[in-house]
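Consider the two complexes below, in which chain A is the common component and chain B and chain C are the respective partners.
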Partner chain A sequence: MTSPIDIEGGGTSVVVDGEPEPKKKPEEQQLVGRSPGQLMWIRFRRDRAGVISACVVIFFFVIGLAAPLISKLYGKNPYTVYADERPELFDSAGVPLQPNGGISGEFWFGLEPGNGYDVFTKLLYGIRNSLMISLAVTVATVVTGILLGVAAGYLGGKPDFWISRLVDFLLAFPAQLFFIASMPVVVSLFVSPRDETPVYVRVVALIAVQWVLGWMSLARILRGTTLALREREFIEAAKVSGAPPGRIIRKEILPNVVTPILVQSTYMLPNFVTAEAGLSFLGVGIVEPTPDWGQMFSKASTELVMQNDITYMFFPGISMIIFIVAFNLLGDSVRDAFDPKSER
Partner chain B sequence: MLRFLFRRILGSLVILVLLTVVAFLLFFGMPRDPALLMCGKTCTPDALANIHQTLGLDKSIPEQFWIFLQGLVMGRDNFPQGPCPAPCFGYSYHTNEAVWSTLIDRLPLTLSLAFGATILFLLVGLGTGLLAAWKRGTLIDKSFTAGSMVISSMQIYFLGPLALALLVYQAHLFDEPKYTSITDNPAAWFTGLLIPWAVLSTIFAAQYTRMARSAMIEQLQEEHVRTARAKGMSGRYVFFRYAWRGSLIPIITILGIDLSSLLGGAIITEYTFGLPGLGRLAVDSVQFSDLPLLLGVMLFSAAVILLCNIIVDACYALIDPRVRLS
Partner chain C sequence: MGKGGRPAYAALSLLAAGALVLTGCSEGGSKGSSNDKENEENAARQQEGIDFGDAKASTGPAAEISGAKPGGTVTVLQRDSFAHLDPGQIYVSDEMALSQLIHRGLTSYKATSDDGKKHEVVGDLATDSGETTDGGKTWTYKLKDGIKWADGSAITAADVRHTFERLFAPFVSNGPTYIQQWMANTPGAEYRKLLPDGPYKGKHLPDSVLSTPDDKTIVFKFEQAKPDLPYALAMAGYSMVSEKKDTKEKYDKAPMAAGPYKIQEFKSGKSMTLVKNTNWDPKTDAVRHQYVDQFNFEFNKQFEDSTKAILDDSGANATAISFSNQVDAGNLSKVLADAALKPRTVSGYQPYVGQMNINLSQPEMQDKAVREAIAYALPITPFVRAFGGTDAMEVAGGLISPTVSGYDPTFDPFGKKKKPAGDPAKAKELLEKAGKTGLKLTFGYINTPEGQQYSTAMAAGLEKAGFDVQRQEIPAETYYDQVSKVKNNYDIFHTAWGADWPSASTVIPPLYDGRQIQDGASNYSHINDEKVNADIDRVSAITDPVKAAAEWNKINEYIVKDVVSNIPTAYYKQTQIAGSKIGGLVYDDVIGGVDPRRLFVK
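So, the complex of A and B:
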């Protein structure tokens, strides 16, 4: 691959046509100092698939953030039970009367068979809630991964041994099984099983269980990177010049592990989204009436939907496929942008 | 080899014991009162006391754990439901059946599902992956790559209900997926599991297409492959003998992970298709807060995962002579 400096910096010599300034050598004009971050940004901008998928991902986050605003403009909310409010729209089984899941000018994405929630706002809020939970899990796991991974790699010795054993141990857990098994237990820590579980407790429990079994892969990668960095000259130089370990970790090591962190977290977030949706699908995550992406899938897999009108199924399904594909493409592009050697 | 196996099995046993401790603490140590969790919303003081009594919850946690461990190794006979022979996980609170026999009962379905799907997705996934790598840069490659990207982003909880709705409920081509023992009726066994296999392997195969393709392309750029080409070996021979062998290592690694998670119970698949396997058992036991059963499923799955890891590591040595097992 051509060095980006040649291409980007090379442009200046074309612009400075004719008389070059006599005092400077031509090479000095061409070389423009760029930080690795700038180089990465330049490479990323040139990757069309990456830019498009980044736009799609940003779009999802924007509609998630703006869900209350959009539904206000649209004039509905995801909690209205239209089966009670407008029974004329449904048949006796609770299936929307109009074809294609009741899609109309009034209900853009139709109505949910059964309770008759408005699918458009339900999906918006579902995306919002799922993304917020997954984002929280990602932040928590990344912070934990950095702390433990860098500590293990930099300190070596006993801390390294114990952190590595902990990682090995947690990786042996059947993750999905652990999630569904620990949800009721974690929830019971906050509320008595006899009481109704508030939504925020379920959210906290969801974040907690995914966090506990989510940080190991990143920690392992960061440990390896830090281990390699520790032996490099610039770290040694910092040590010799008397920098305390805290400063070395913050100023010398962390800037050098930004790449694996970013790449890894773009792969982790969609996994958390699908894992969270899976839990809600199984009925141990977010439950009705709180809107959630995964819970829409569990609604879509009821016989009522499968036997009568499968339109409802496609809204959560297609939107999630678009989201995951875009995020995976974005992850590949971020990796390529950081590492020009990698090849798809 | 034997020494390697011995050491790995020993290590896995240590992890398994630690896992038992953690799982036991999670279920019986962490909740304020595990009995209350199991008893549910319609709990009477009598029922609560009854659970306390049958599960021995009044004893201290270390004592309970010791009794549980003893039961695992030697069996226990102090259950009101009857004696509980050697690997004794106790009795399910909800169904009153012995946990171990329930696990054994559910195992054939999970095994059928896992191995059937594995054969299917390996054939399809590796086949398309190899074809894409062989025809790199052509239309076939591009369409396979794009297709596998989209399909691997699908989830079982979308594709499963979709397949059910289209094939079973709308087109009436198949009956609802149902498990019949292979010894009773092989044909019914096959047709009953066909849709779950197809759905499961579609998603997995797409991942293997991508993986096999990128592993092969990476291998084809290795120097020993280039040397083989340079000394005049046929492209096909180099492709299948040299590159293919090298790309097996990453594939086997992922296969080990996938297979172990399938064998531990393909939770979402079994739930989607209503198949009573280990994964379904786990979901049910969570819904009824049936802690003894849940503990049993969890330890069983963990043991399966550890076993798969050992087998995968042993496979490395068979494929790659550079790997020394010591």
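So, the complex of A and C:
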């Protein structure tokens, strides 16, 4: 038997108040409904590699965006020819006199052999330019892929036939060779013979060329997905209830193809980064003095740098390795989070 | 890859990156050597000039080289195969180097010092460097006794006549044209009308131009005085061709040798073997030796390849050398810093002088203040850096190379030697005074890695002075075609020119004579100055080479300082390397490379 004094005690009420809560929690959890997005977010947060790589990727985008600010605080810009401004730091061939490419408290990542650009700001701006170009290409290809892929899949018939043939035709192009051959042509279309090729023309040309040959794979995937969705009951129900095609595509189909779009674009972006770097490496993309990731690689591969200042290569090299590895791991995690059952 | 594999993959990548960081250390650049001593030597050299040697200096054999012994095989690593072996077609420096071993001309350069820096012109097949009694209008040469072709037949005045007559034949199109133009007394390609088919259809040059009164005597007669004839005759392009064995176009692949070596085998693009010519008599030759038994040429060796092979120095590489390849820019500072390699390397000037041309046809460039501002602002250091530093390029003051008589090392009107990175403050002042700040300057640059590198830094230097520089890339293959068009879009562009013989008469007239402006001509800056034109005519007639050299230098100074149409950038230099068993290694300033005539195997 319980003593009434015990029940009336001031301390017990605390226990009473506290006790029921943990009991209630599991009941509530079972009752909460979650959208696929929330489920994906929970699964993604559990994947530690995914979270770390997402942080790395975000870090790269942040320093890319903040490059002007950082270099302002740092007090240098990537265009100053330090070999002429500070000749005491270089030998006559433009190799920094200090070991390890002239790394010092003043020049954190050293100086570039040749004209002596500051490597730190050059890398920041290189990342900025490369990422902005690649991001623009990704957005352009995704939009094109959605428009043409979903249209082909939903409309069927003649539009499907022509869009599919266009995809086949463009896929037959050897992309890398086409880039190299078409870049100078595209650039020369826009420039007067008295003027220097403006940087924006090269940027626009890079984006355009990669965009034209980059949207097909996503369009194909979306066409297939849309074809499958078109025959599903909920689409037929929408049709029967008199919804116009535009509404069906926007409200019924698009929400169901978000998964392939997100997964594909996280795979595509690092590919565009490397492709853009490749073009600049080959000298048809961004050229000196505009900083660019790939162009730093081509500088690093010259005999002057190889023989005298191998350190230089590690700044663009390691930063790109880290970025590409992180972005690919992120892509894997995003895919796992959306579609846990699928085998890779 | 399964799911479990991913974290391992990530860790591995990071590990690899870490390993790269650890190995990523490198030494700093080399500390530059001082050029003061070299400059002094240059100054001493130019005062001596290159004289014409007499009969005694022209008599063989050439002085023994101390320590030299006969025998052995030398491997020669070359980048380019020889496109031409016919003397009449030779106008490229690597073919000229080969020509020193297999061909002979009427005259030749004899090194009068063991370091290859002092020279005189002597008779080669001729008994002396030539005799003239009327100030250079008539030149008489007599052939030596005992001179023979490789097949044992004698070299006669008929061969000499044939050699010059065939230069007018249409198929001879790659060689020098100086003497043909002098004979016909016309500029450009007009000279071919003098003897349209060469000697092959029975026609010959009249005695009023070239006469051969007997088997040993040759007389040249020109309308105007040509005091430079002994220099011109020493060019490889005027070496002798056998009349009897002339096979016209085919001679280009299998010429008759007269020098100490003859061609045993030539696989174009692959290899060439030279063996001793037993009919060459050292007593008739004051300039060549015949120590080495055999030269084995290998082609398609890039600068990096030949440098690496010679640095390796084992087996056949110990007796390897390259006549034309230089140490590549990447290895250059390493090679020069290594004291053990010092006896195996030679450095010297190439004949080329780099210059920034200001296009005087552009309306904005008519203003002299603008041109002076460009001259003050233009940094030369980017150009020097792009080619490997002061060991490859020396900042120039004038347009006459240190290898040409008349060179003045103190001439430097825009202070480029003291301030090689330019003087933007002074330039800015000049530009502001002229009211042209922000002037658009179109800079045509050659689209090579070097061109891109120096043009960006030069543009940065010019922009500091207040110019709006528009860089325009020009493809490397057509660069000279583009900039030699009279109507081109460029305000400034860079060219280089090398003298054909150590006289400014092969520099000033072709580059700065305003009457020669036409598409494809080498007056790139379109300078057409009455004083320069008149002076060119006046100095061309001066017969004393030393006096002429001083006068040419005055024109050079006037162009650089008063006309400001061409800004000198750099004198080209190179460093060459040989295997440890190669003896007699000397850099010859006139050849512009290793002297192949003196080599022996230790």
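Annotations for the structure displayed:
Heads up, the rule we're going with is that the second predicted complex is superposed on the first by the 309 of 344 C-alpha atoms of A that agree within 3 Å, B and C clash if a C-alpha of one lies under 4 Å from a C-alpha of the other, contacts with A are read in each partner's own complex, and residues count from 1 in each chain.
Assume a contact is a pair of C-beta atoms (placed from the backbone, for glycine too) under 8 Å apart; a residue touches a chain by one contact, two chains touch by 3 or more.
From a predicted model like this one, the values you see are computed outputs, not experimental measurements.
Of the two partner chains placed by superposition, only chain C is touched by A:G94; chain B is not. When the two structures are aligned on the shared chain, A:N115 is found in touch with chain C, with no touch to chain B. With both structures placed on the common chain, the touch criterion links A:T225 to neither chain B nor chain C. In the superposition on chain A, A:P316 makes contact with chain B only, while chain C stays out of contact range.
By the touch criterion stated above, A:Q307 is placed in contact with chain B and with chain C alike. Of the two partner chains placed around the shared chain by superposition, chain B is the only one that A:M183 touches, whereas chain C remains out of contact. Of the two partner chains placed around the shared chain by superposition, neither chain B nor chain C is touched by A:Q210.
Of the two partner chains placed around the shared chain by superposition, chain B is the only one that A:A277 touches, whereas chain C remains out of contact. When the shared chain is aligned, chain B and chain C each come close enough to touch A:V325. When the two complexes are laid over each other on chain A, chain A has residues 193-194, 303, 306-307, 310, 313, 317, 321, 325, 329, 344 in contact with both chain B and chain C.
Within the complex, the chain A residues that touch chain B are 168-169, 172-178, 180-185, 188-189, 192-194, 274, 277-278, 281-284, 294, 297-298, 300-301, 303, 305-307, 310, 313, 316-317, 320-321, 324-325, 328-329, 343-344.
Residues 49, 53, 79-81, 83-84, 87, 90-102, 113-115, 193-197, 287-289, 302-304, 306-311, 313-314, 317-318, 321-322, 325, 329, 332, 336, 344 of chain A are the ones that touch chain C when the two sit in their complex. Contact residues of chain C toward chain A in the complex are 1-3, 6-7, 10, 13-14, 16-17, 20-21, 24-32, 304, 328-334, 379, 381-382, 384-386, 388-392, 421-422, 440, 442, 449, 452-453, 456-457, 460-461, 469-473, 489. Those residues of chain B whose C-beta lies close enough to touch chain A in the complex are 15, 18-19, 23, 26-27, 30-32, 36-37, 39-41, 43, 149-150, 153-155, 157-158, 160-162, 164-166, 168-170, 214, 217, 261, 264-265, 267-268, 271-272, 279, 282-283, 286-287, 289, 294, 297-298, 301-302, 305-306, 309.
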